[in-house]
Amino acid sequence: MQTPSSPRTKPAARRAAAAEAAPSQDMIRLANVWKRYEHGRFVLQTIDLQVGRGEFVFITGPSGAGKTTLLSLLYGAEIADRGQVFIAGRNITRLRRKELSHLRRGIGVVFQDFKLLPRRTVFENIAFCQRAIGVSAREARRRVYAVLKLVSLAEKRDLYPRFLSGGEQQRVAIARALVNRPPLLIADEPTGNLDPEMANEVMDVFKEVNRLATTVVVATHDRSVIEYVGSRTVRLEFGQIMKVGA
Amino acid sequence: MQTPSSPRTKPAARRAAAAEAAPSQDMIRLANVWKRYEHGRFVLQTIDLQVGRGEFVFITGPSGAGKTTLLSLLYGAEIADRGQVFIAGRNITRLRRKELSHLRRGIGVVFQDFKLLPRRTVFENIAFCQRAIGVSAREARRRVYAVLKLVSLAEKRDLYPRFLSGGEQQRVAIARALVNRPPLLIADEPTGNLDPEMANEVMDVFKEVNRLATTVVVATHDRSVIEYVGSRTVRLEFGQIMKVGA
Amino acid sequence: MNRWLQSFPYFFGEALLDIRENRAVAALTIVTTTISLIFFGALWIVQVNVSDLIGNWRERFQVEVFLKNKITSTEKEAIKSAVLRSESVERVAERTSDEALKKFREQLGPNAGVLDGLGEAFLPSSYRIILRPGWRTMANIESLMARVRVMPGVERLRNDLTWLRRLEGAIQLIRLAVWTISALLGLGVLFIIANTIRLTLFARRDDIAIMHLVGATDGFIRTPYITEGVLCGACGGIAAYASLMLLYYAFFLPVLSGFSAEGFIVRPGGWHLGVLLVGVGASLGFVGSAATVSHYLRKQRE
Amino acid sequence: MNRWLQSFPYFFGEALLDIRENRAVAALTIVTTTISLIFFGALWIVQVNVSDLIGNWRERFQVEVFLKNKITSTEKEAIKSAVLRSESVERVAERTSDEALKKFREQLGPNAGVLDGLGEAFLPSSYRIILRPGWRTMANIESLMARVRVMPGVERLRNDLTWLRRLEGAIQLIRLAVWTISALLGLGVLFIIANTIRLTLFARRDDIAIMHLVGATDGFIRTPYITEGVLCGACGGIAAYASLMLLYYAFFLPVLSGFSAEGFIVRPGGWHLGVLLVGVGASLGFVGSAATVSHYLRKQRE
């Protein structure tokens, strides 16, 4: 895995890549962040969090604690009600729409519910991400094959998501998050449908990606996965950070 | 939990309920079942499986082994290519469409991907199942509240599924499977999005339901859940049953 | 049936929900249905009025026997009685030379001056033969004319036969056109409503699959969609009726009265038309949706 | 722009995919657009032909000066030169008493027999004044007539003034109707295409959200839908043109030739009409879809 080199990677992402050379800056910085959904109580409160470039961090906590919400702040799907969210040094709430699009090209996300496009095959689901950032059709094909092999799904490439098992769909989502070789990888419960062996394989891929300078943030319930990787763990409970483990 | 008593429970389900008095008959019996999807290899091969009334069985195995496929044979979403599938003594491949509908009213299913109706609230998602089997609106409301409390989601009853966290959606799916008090409960990876404590709580509910004569079949990867319950485990690998654990 | 009635509020509610959530399609469908039914209704109005008009014209149809100037009264009587003997004749009216001139003057209108100073009796007198209704077919008329033409004292015959022939042709043509276009419009509406229901089913395919999985029967699943089709069709009918009445009273009537030189009055269809349009709309809605849903559910089974 | 062209196959493919997957709605839209554009085209044909027809009538418009029987040739010359002096007159044609009678006979047709044996010269001779094109307005005509009416030797004047007045009114009315209906039809098509795109967007809302999340820009997301709108509109235009030509050559022309006693020929629009219909359809498609997509994406942002 290398830093992003796609021809259309634009200012935000390029700056992010450039800043990697200066690791003094954090990849993620949340300062006193509060978040609530319409007509609800605060789902996140007084969140302070820093993740350095090249770090591997787990977010854990009970169901409904706010893990998914916290992650969605990082790629701008939700906007904090109070506080600041900096990604690669840029204040994400201040970005214009186009800038946000370009920033997102530098972030790979594995969604908890996969969010695969139902009317596209496995191959197209992943290739599409490459096309959207302007990679040529040929180059995209090459990269998609490579990443599908990584999650042992090369033979399923022409199937539609609905013809896949739960775990296979999850691996497609993982492959899609990896294909753009993003400087930041965010994964929400990426092993919920995987057996322990497969889960460990995926974690091996994440560790490898991390070794090649990608910052990794994983939300999970799965204690054995956390133990397997053994990196920093942030525990959320009722929307607040409880303790920062080793 | 009691045996099904809804006014519209029809022959198939009623017979199933009646047969409960004669536990000599199996709830589930698969005899040399083969199954493949169009244009694919066989996903299930030579499956022989018996589950007695009132049993609690785990199905486990790696991603893509065929667990979901096996379960889908039990409620008639898929039809075996070879072999026989008996549910409560009835050959499911022989049922006419209407009979199948009535049989399904006696089976609660937790789907791996939840299958909640997106345009209905949590409450309606569950109440709808009761309405479909002809329970009066009032009675349905009472039962839905009771079952929502069981999965700690009473306060989320008026939200749409997309406003719930992954674990909360999963618990709605569990509540829906329980609300008709089915003689047979089938759950596919029901704890994939739940933290270990919540997973154990759900297993406590399943055990309680099982104690009240419901047959329970759970497909899962989660070893801690299997250990927590400690009942019979069937392991699938590449579409075949490998070993039957204690 | 009783249970069906009991569940009706549920089905109706579901149908309304579907329409609300799919309101873009529903609106499109109702608008297209309305337009089709407007044409259908307009055709109906046209047909009714053309039938009336043609009835009128037929009523006025007659054969005129011009008599020689020097005809004897015996000859005149012979002609009259011969004509009256024919079954197809209702009555015979004599038109004297003076009356003919007066009529001719009327026809000439402002140019009648050209006749001034001409002899009073230069136009021949004639018998106008009024035919019995139902006997005004071409065959009858031709045989009557053949008989009369050869009688002594007859100068020549005049009739509206070519006109009648054209009229009959026109009537056939109009009827054919009306039926063809109506059938096409009906098919169009059927297609559109079936399409809407197909779209709704498509949008709801996950819901329907889930409903099946939890044990709902086909009947339970089907009814809201059929209700939706009937509602759309009926709405189209109501809207079409309202539009036609509006068009008629607000636009057509004032404009027509400006041009009403012809004394030709177009009547709208009245409440019959309303019932017809709503009935046709609802029926097409029922057939279209029932067929689509049944087909969809049958396909699912396989 | 260059990149846009490069991506065009992708956008076009996506648009076709959308149309294929949403073919029910697309079909409905194209059909409705086609119907609207058929009416639009028919109106255009009607307007062009009515303009021609009216031009024809106007061409034939004239004032006739009937001369006294005992007019002197000096008076005749005085009248002619007075008329010719007027700017609005193109030429003056004399019609002798004989010619007038011949014309009258022609008009009477089969009934011309009534004139047999009358004096040859009982109709007055007259001057027909043919007006210069562009000078055939009511004001000009009325002033000319006022001048001529009082001259010695003039019996009376005849003109088609009431007819002209009616015609001008009819032209105004038709023009107004054509523009109003065209505008309404255009709005209708706009609404329908916008609706289709809205439906497509609705069906694709998850896709669009996911595309945004993985970093696709608005432009990238927007273009396939706009292409789809333009395609639908253009297809409607093509279909409408084809239908109109078919209607004209297969149905209207034969029927009309049966009734062509009037010598009145309706011309179809030719390829101009085709270009017009496709252009209007595509433009409406562009505007409708672009507005809807932009609105949708703007709403998403909030």
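For clarity, chains are labelled A, B, C and D in written order, and residue numbers in each chain start from 1.
The criterion applied here is as follows: a contact is a pair of C-beta atoms (placed from the backbone, for glycine too) under 8 Å apart; a residue touches a chain by one contact, two chains touch by 3 or more.
Everything quoted here is computed from the prediction, not taken from an experiment.
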Given subunit A and subunit D, the chains that contact each of them: none
Contact pairs, highest-scoring chain pair: A-B
Of all other chains, the one whose Cα centre sits farthest from subunit C: A
Geometric centre distance via CA averages, subunit B-subunit A, whole Å: 33
Computed distance of Cα centres, subunit C from subunit A, in Å: 69
Whole-Å separation of chain centres (CA-atom averages), subunit C against subunit D: 27
Residues within subunit D bordering two or more other chains: none
Per-residue overlap in subunit A, given as positions that touch at least 2 other chains: none
Arrangement of touching chains [line / ring / star / complete / other]: ring
All pairs of touching chains, each written as two labels joined by a dash: A-B, A-D, B-C, C-D
In the complex with subunit A, residue positions of subunit B that touch it: 37, 60-64, 67-68, 112-113, 163, 165-168, 170-171, 188-189, 192-198, 221, 223
Subunit C residues touching subunit D - in the complex, by the definition given at the top: 24-25, 27-29, 31-32, 35, 104, 114, 117-118, 122-123, 158, 173, 188, 192, 195-196, 198-199, 202-203, 255
Residue numbers on subunit C that touch subunit B, as the complex places them: 3, 10, 21, 206-207, 210-218, 220, 301
Residues of subunit B defined as touching subunit C within the complex: 75, 77, 97-98, 101-105, 107, 109, 111, 115, 117-119, 128-129, 131-134, 176, 180
